[in-house]
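In what follows, structures are represented as C-alpha cells.
Note that chain A is present in both complexes that follow, paired respectively with chain B and with chain C.
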Partner chain A sequence: MEQLALKDPKVIEERKEFISTKGAQKQQVKCDEDSVAGSISQRACVFCGARVVLNPITDAIHLVHGPIGCASYTWDIRGSLTSGSNHYRNSFSTDMKEKDVIFGGEKKLAIVIDELVEKYKPKLIFVYSTCIVGVIGDDLEAVCKKQAQKYNIEIIPVQSSGFIGNKSAGYRAACDALLRLIAPAPQEQLTNNGETSQPKEVKKKSKTINYLGDFNLAAEAWIIKNYLKEIGVEINVTFTGDSDYVSLKKAPEASLNIIQCAGSMTYLAKKMEEIYDIPFIHISFLGIEDTKESIRKIARFFNDPEIEQKAEQLIARELKTIESQLDWYKQKLQGTKAAIYVGGGFKAISLLKQFKELGVEVVMVGTQTGRKEEYQTISELATEGTVILDDANPTELEQFMTEKGADLLVGGVKERPLAYKLGLAFIDHNHDRKHPLSGFVGAVNFAKEVYSTVCSPVWKYV
Partner chain B sequence: MKKTVTQHHKNVNENPCNMCMPMGGILPFKGIEGSMVIMHGSQGCSTYMRRHMAEHYNEPIDVGSSSLNEKGTVYGGEKNLKTGLQNIIKVYQPKLIGVLTTCLAETIGEDVERITADFKKEHSDLSAKIVPCATPGYGGTQFEGYFLTLKQILKHLTKPSESHDKINIIVPNISPADIREIKRILQVMEIAHTIFPDYSDTLDRPYERPYKKIPDGGTTIADIVKMSGAKATIQFAAMVDDELSPGLFLKEKYGIELHNIPIPTGLESTDIFLHTLSSISGKEIPQTIQQERGRLLDCMIDSHKYNAEGNAVIYGEPEQVYAITKACLENGIIPKVVATGSKTTKLKAALQPMIEQLDMGIEIVQETDFSVIRSLSVKHHVNLAIGHSDGRYLTEQEGIPLVRHGFPIHDRVGGQRLLSVGYTGTTMLLDRLTNTLLENKYNQYRTKMYKEYYEKNFLIGS
Partner chain C sequence: MLDATTKEMKPRLSGGVINPAKTCQPIGAMYAALGIHKCLPHSHGSQGCCSYHRMHLTRHFRDPVMASTSSFTEGASVFGGGANLKTAIKNVFTIYNPDIMAVHTTCLSETIGDDIPTIIKQSEVPDGKLVIHASTPSYVGSHITGFSNMVKGAVTYLAEATMEEKKEQVNIIPGFVNPGDMREIKRMAKVMGVKNIVLPDTSGVLDSPMTGEFDMFPKGGTKIAEIVDTGNSKMSIALGSFASSDAAYALERKCKVKPAVLKTPIGIKATDEFLMTLSSNFGKEVAKELEEERGQLVDIMTDTHFHFHGKKVAVFGDPDIVIGLTEYLLSLGMIPVHVLTGTPGSKFETEIKEMLARAGIEGSNVKAAGDLYTFHQWIKNQPADLMIGNTYGKYIARAEDIPFVRVGFPILDRSVHSYMPIVGYKGAMRLLEMISNALLDRKDRDSADEDFELVM
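Now for the complex of A and B:
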C-alpha cells in the first residue's frame, strides 16, 4: 500500500517520511517537526496550544496581547464547564494596531491591565503573547511584573508566540505558566507585612490526587471526580477543567498526579515530581477497557483494600448497566472501517482501543502533534496495513481514506466537511462537543455517536 | 432630539465583534475558478480561518500556509513561501494563487509583491497566475481585507479590453444563496453579467462524486480580465471607503460607469438594485419580479404590528449592518443599537438622516466590541439581536434572542444557505425576524403578565 503513496505525484516529497504503513515498513513515522510549507497542515499554532490548556481556568482573565484576530478566533474555544466563575469565557485583547507594532505594545498592555483590574478586580491574569509580540520584542515579563506589584495580584506572562514551534510548544508554555502559578507564594505576599521569608512548606494530604489533562468538556472531569469520590479518593484540583486560582494554588499538596491528556500535561507532571515530589501515572478514561484499567491503577496506587474493593464494585455495577446497550451497537456496527485524525497521540491511542472494543477496524490513524512514544504505541495497536501519518493534510486524508475504504472519520471541525463530501460518516472529537466521551457513560455516548452517523439513512442516497 | 452617537475609546477589546484582515482576503479567491490561497505567516492564522469558514459554509476550506517558524522569522520567510507555492502547485494545480500576508509576515517586512514576481521569473513555465495581497491582521478587519483583496485581484488581472455587453456585479460578503439569488434575478431579466467574486457554487457545492479538491465554479479568470470592458459596474458596497473600492478602481482606470449601491436587502434597496439594472440595460422589470415585490409587501403588512414591538441590536460588517438597519427601519423594527467592529466613515453619515427622522434614542457605535454592544443592548431594552454567531452571548447572558445573519455562523448549520437578498430573500429574512419576536413574546407572555398584574398586586404582603 505504501508504494501507492510514494509514487503518487500529488504527495509532497518532504511529506513522505511522515507517512507509513503498519507492517510494510520498518521505520517509524517521523513526527514532532515543523509543518511543510504549503502542505495545508491541519495544525494550529503555539498560542492556540497555550490557550486551550489555560482557558478552562475559570476565574482568570485571559488577555491576548496581540492583534484582534488571535483573540477573536479563540474566544471561548473549549466547551469547558464551570462550577464557579464564568470569567474564562470572555476573550480580552490589547487589539494591537499598526502604531503599536511600530512603537511597541508595552504601554498599551499596561493600560489594558489597568482597565481590567479596575473593572473586574481579578486575582489572576494570564497574558498571552502572539506572533508579532515575539517579533517586536515587547518585554511581557517586565510589564506583567510591574503591574502585578502595583495591584498585588498575579499576572503571568505566557510565552506563546505563534511561530516558535507548533501546538506542543504552546502546551509547554501553558505548563510553565501553571508552574509559576502553583509555586507557593512567598510569606511576605501572604501576610503582606513586608517581611521576607522562605516559601511556606507544602503540607501533603494523603489520598488526594491532582487530575491533569482533563478540560471538563461536557462535564467529563465531574464524571471522573464522582467515580473517584465513590471509591474514596479525593481530587485535589483538576488541570485545568473547572479549576480556579485558589484550587490551583493547592496543587502541591496532592499525593499523586494522574494524567489524562499526555500531550499537554506530561511535562508539568514531570516538573511537579521534581519540585514537589509528587509521583505521576498515566491514565485514560476514554473507552471501557481504559476506564476500568485506570480506576484499578489508581486504587492500586493507594494500596488500600477498601479502595480496591470499592473500585471493583463500581466497575461491576457500571459495566452491568451499559453492557446490553453496547452489545446492541456492536452488532449494528459489524464490518465498519474507521479512520482517525485527531490532535494528540493520546486521543488517537484511546480511539484505537475504543474501536477495538466496538469491533470496528481502524484503517488509518494520524495526529497533528503526536510524539514518538505515542506513535510507537499506535503502531503496536494498529492492525497490519493500517496507514499511520503525522501532520496530515486534506489531500492525504482523502487519498488514504478512499484507498482503504473507510466508512467513518474521527476528527475535528476542519475535517468534518471533507468527510461529508467524501460520503463518509463522521465523529466530532473536538473541543466544543456537547456530550461526554469519558468514563462508562462516555463509552456508550461514543458508541451511540458512531451508530448515529454510520447507520444514518442518508448514506443510502449517496 | 434624543439620538446619541458614541465612540468607544477604551483600550481593551473585550469579546471582539470582528476578525482580522487576511480572513476577509480568503473569500474573494474562493470565488474565482480554480484558485487556491496561501497565507504567508505562521501556521495558526490559516488554521483558525479555515476552521471558522468550514463551520460557516460546511465545506472543506483548503488554505495553505508558508508555516513560518523561528528561523524563517529571523532570516526572512522567502524560502518558505516559495516552497509553499511549489507544493500547492504540485498538489492542487490551481489556475490562480492568492498570496495573503499575516501579521507576522508584515511585521518582519516581507515583500510579497517582489517574492512572487521572483517566483514567476524562476518558473517561466508556470501557468498559474499569482496575486499577492498585503493584508496585515492588525491593518483592519475582515471587511477591509475583503475589499482590498478584490481590488488587488482586479489590479493584477484586468487588462484593457474591447467594450462588451456585460455588467460587472461586485458583491460583498453575502451568503452563497444570496449570490445565487442575484444571479437568478439577472437571468430572469436576461442581463449578461460577471459576478465578482462568485462563491455560490464553490462554497455551497452539491454532493457529487468523485471529490474535487478545488470545486467547480467561481468567476472565470477570462471574465475578470475583461471586467475592464463592461457596460457598467454595480457594486454593493455603499459603506466601503473609496480607497478600497474595486468598482472605483475600474471606473478610474477604465472609465467604467459605477453604481455603488447597498446590498439589495429590504424593499427600498432591492428597488434601487432593480431600477439600476433596468436603467443600465434598458430592460423592463419583468412581471415575475414585480409579483415577488408584491409578495414582499404583503409579508410586510402581515407582520407590521408584530415588528412594531421590535427593539433591535444590529452588529457585524458595516455593509450588512447598513442593509439590515434599513430593512428594519422600513418594517417598523427600531434599530436601537447599531454596531460594528470596523472603522468606517460612511455608516454613521448614511444612517443619521433616517435615524433623526425617527427621533428615538438610537446609538451607532463603531470599532466596538461585545462588552459595549451588550451593555448598550441592556440599556435600550433590546428584544432582538441580528448578527453573526459571536453574539450568541447576548442570548445566553441577557436573554436576547438572536437571528443569525452574516459571517461567521459557527453554532448553527446552514450559514451558506441563508437567503436575504432580493424581494424573495427579504421576505424570508423578515419572516425570520418577525417569528423570532413572536416566539420570544409567546414564551414570556404568561409569566410576564402573571408577575406584572397578579403577583405584585395579590400576593405581596398577603
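Now for the complex of A and C:
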C-alpha cells in the first residue's frame, strides 16, 4: 500500500486531519469545521447557500439587503430553467451605503419594498440578510412583517448573514423560509365573511409527490417529471426548480417527499414529515444505477402493481435506448483516472458511482461541505489508495491530482481554469452545467461530456 | 424579465438598485493586487465574499484566481478579526510563500472596525516579505473605487524617492482594464522608447500561457522593486481619473512625482493624447510604427464612416471605459443617446455632458450611480441602434432586439476578450470591427431578399 506523502510545507499542519487515503489510515477524514484562516478555501457562505436554494422560485422578488456586491455576484448565475415567470432573473439590492450602516438600514429596506411592490405587484418577496445586516442588527423580521401586512402579500426574511456558518447553514435558512411559505394561512384569513372557521384540513392527493432538491438546472427536473408521469405518479411541486408561489403553496398536499439533493433538503423533508405527516425517501437520479433504483423505490412506495409494472417497462426501454451509446463511451474511456472536488457529499457519492459505471477509476475525492455520514459512504465506495479530503485548497488539489495521475477533474467554476492549466480535462458538475445530468439521458450526457473533454485533440498541444 | 421593465419613469427615492451596473470594492482590490508579481491578495472577512470575488474574476478571465481569506466566523465578528488576520498572515507565508500579501477589507471587517495597519504591525511577517493593505468597505463607491484604493495602497506602502534626481522613466497606471490592454499600453510605451513601470500589470498573470503546470504565482505582474522605484520616476500617467488618479496624486505627495491624469486611451483622440504626453515629456518623437497604426485606423474609419454616422448608441459600464468609449463613438459620428455608469461620482456626468455639448448633441441621458433598470427604461423611451456594455446588457439587448457589443467588466458569456486590447490604435481598430460587424450582421438579418447584398 502506497503511503501518501503529505509534503511539508505544502500541506499546512492544521489541514492534515482533513485529508486521508483509503486503506492507509484508520481514521476517518475530518469535516464540518471552519476553514483555517489564511487558506485559499473554495467554500462559500450562508447567504450563498440560501440564495442557491431559493433563487429558482421563478415569480418571487429576491431582494438582497446589503451592500451591492452580494446581489451582483448572485445575479442569474444558476442556470435554473423556468416554464413561467422570468422574474427571478432580475437582481434586486438595497445597495446599503455608509449612512445605512451607521444609522441602520431598516428604513431604506422598507422604502425599497414599497417601490418594488408598486412596480411589480409581486405575491412573494424574499429578503436576504447579508453579513453587514447581521452585524448592525437590522430587524428584518419586523420590517418584513409590517410591509407584508401593509400590502397583504408574503414577505419572508431569510436569515443568511454570511459569517454565521457555512453554506449548510444557508440551506437551513432557506428551508426555514420555505416552511413559512407553505404554512397554511391563519384561519381568520380563510373566512370571507368574518366567521371563524375550522383550521383548513390539508387534503392529501394520492400518488402525488414533492420533488425536493432539484433546481431544474439544464431542465433536469422536467426529465424526472416525465419519467414519473409515465409510471402514473404526479409531481406536485419541485423544491425549488421551476416552482412558483402558487405551486409551492400546494406542497402539503403531497403523499410523499423524495429528496435528490440531500445536503440542502433533508431538513425540510424532516420538518414536513413532522408538520404535515409526509414521509420522505432519499433518491438520486444521477447515474444509471441510482436512476433505476430510485424509480423502483418510488414505485414500491405506492405499493401498486400497475405502477411497478410501468416502472419496469420504462427502465427496460430506456436502458435499451442508451446501451450501445454508453458501451461506445466506455470503450473510449478505458484507463481514465478521475478526480472529484464538488460542493456537497451527496454529489460526490453519486459521481463515484457514475464513474464506476463508466469504468473510470477515481483517484481523489473531496467536497466543500460533506457531512460525516457522507464521508463514510465515500470511503466505502472509494478504491484503495484514493485520496479523500474535505475543504481543500488549490495547492492540495494540484498536489494530489498530479501525484495520482488524474486525467480529469470534476468541480465548480473556480476549479476549471486550475484543471486546464495543469493540462487536465474538466467537467462542470456545479450550478453552471449546461446539459442535464439526470436520468438515463443524463447518464449519456455525462459520458459524452467526459469523453469530449478527456479525448479532445487539444491535449496533444500541451 | 423582458416585459417587467416599464416605460413610465418615476423617480426612485429609495436608493435601492434593480439590476446593478457595478459591484463592490473588494473585487477591484483583489484584481489590482493580482497585478503585483508574486502577490497573494487576501480578503479580510468571511469566506463567502472571497469566494464570490474569485468566482467572478475566474468567469471573466477564465484563468485561476488565487486569494486567501481570514475566514471570519461568529467569534471574529464579535471580538474583532485581529486574531484571524494574524493567523492568516502566518499561514499564508508558510504555505503559499508569496513575496507580498495584499490585504483588503470587506464590509464585515470594516463595520466591526478592525484596525488593519496595527494588526499588520503586530503580525509575524517573515524577513524580506511584505504585507500591504487597502481599506475597501463595500458600502462605499464600487469595484472601481476598490481598485483605485489598492493601487494607491501599493504606492503608499512601497514607493520611495531614493535618488536626488528623477529618472527618465514613466509610471503608467492603466486602470481597471484587461491584461490584453495592459500589454498594449506597455507595448506603446516601449515602442516610444520610454522606460516605464506599469502598475498594476495583470498581463502574464490572468492571461498566462498554458504550460501543463499550475503556478500559484505566474511570471507576470509589477515587481516589488519596480513599485518602490515608481517614487524615482519623472512622472506618472494615470489613465482614467476614477481608477488611477488617486495613486498618481499619492505618488506626488509622497515622492514628488509629477502626475498627469488622462483618459483611458480608447479611440484615436485619447490615444493621441497618451502618446503626445509621452513624447513631450520625454523628448521622444512618436514612433513610426505607431504613426503607421494611426494611419491604418484613420483609413478604416474613412472606409466605414457612413455605416455609423448618425447611429444612436446606448453605452454603460465602468466610468473610465465609458468616458473613453463615448469620445471614440463621437469621433465616429455616432450619437450616444444613453450613457450610464453604476459607479458614483458627479465628474462622470460633467465630463460626458461636456463632450456631448462640444459635439452639438442634445437630449441624451447621462447618469452616474445608475442601474440597468433605469438604462432599460431610457431605451424603451428612446430606442437605440446599438448597445455597448458588459454581459448583463444581454437581457436588455434581447428584450429590445438591439445589436449588442460586449465591452468592459464583467464579460461572463464570451471568451478571448481579455486577451484582446480595446486601447490604443490597435484596440480602436478592434472596436471598430466589433461595432461594424454587429450593425452589418443585423442589417443582413433584417433585410428582405431583394435588399440582401453581397457587398456592403
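The definition used in the following text is that the second predicted complex is superposed on the first by the 445 of 462 C-alpha atoms of A that agree within 3 Å, B and C clash if a C-alpha of one lies under 4 Å from a C-alpha of the other, contacts with A are read in each partner's own complex, and residues count from 1 in each chain.
The rule is simple: a residue touches a chain if its C-beta (ideal position, glycine included) is under 8 Å from a C-beta of that chain, and two chains touch if they have at least 3 such contacts.
Because the structure is predicted, anything quoted here is derived from the model rather than measured.
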Have a look at chain B and chain C on chain A after the superposition and call it: clash or fit. clash
First, second, both or neither for A:H87, with chain B first and chain C second: second
Which partner does A:L212 contact after superposing on A: first (chain B), second (chain C), both, neither? neither
Please indicate which partner A:P417 is in contact with in the superposed arrangement: first for chain B, second for chain C, both, or neither. both
Just checking: does A:I40 make contact with chain B only, chain C only, both, or neither of them? Give me first, second, both or neither. both
Where does A:A262 make contact in the superposed view: on chain B (first), on chain C (second), on both, or on neither? neither
Which chain A residues are contacted by chain C in one complex and by chain B in the other? 9-10, 12, 34-48, 63, 66-75, 89-98, 100-101, 108, 111-112, 115-116, 130-132, 134-136, 162-166, 394-395, 398, 413-414, 416-418, 420-423, 462
Please output the residues of chain A touching chain B within their complex, sorted ascending. 9-10, 12, 14, 34-48, 63, 66-75, 89-98, 100-101, 108, 111-112, 115-116, 130-132, 134-136, 162-166, 394-395, 398, 412-414, 416-418, 420-423, 462
Can you tell me which positions in chain A touch chain C when the two form their complex? 9-12, 34-48, 63, 66-75, 86-87, 89-98, 100-101, 108, 111-112, 114-116, 119-120, 130-132, 134-136, 162-166, 394-395, 398, 413-414, 416-418, 420-423, 462
Any idea which chain C residues touch chain A in the complex? 1-2, 4, 6, 12-20, 22-27, 42, 45-56, 58-59, 61-74, 76-77, 84-85, 87-92, 94-97, 106-108, 111-112, 137-140, 142, 208, 210-216, 342, 392, 395
Which positions of chain B touch chain A when the two form their complex? 10-16, 18-23, 38, 41-45, 47-52, 54-55, 57-70, 72-73, 80-81, 83-88, 90-91, 102-104, 107-108, 136-139, 141, 205, 207, 209, 211, 213, 341, 390, 393
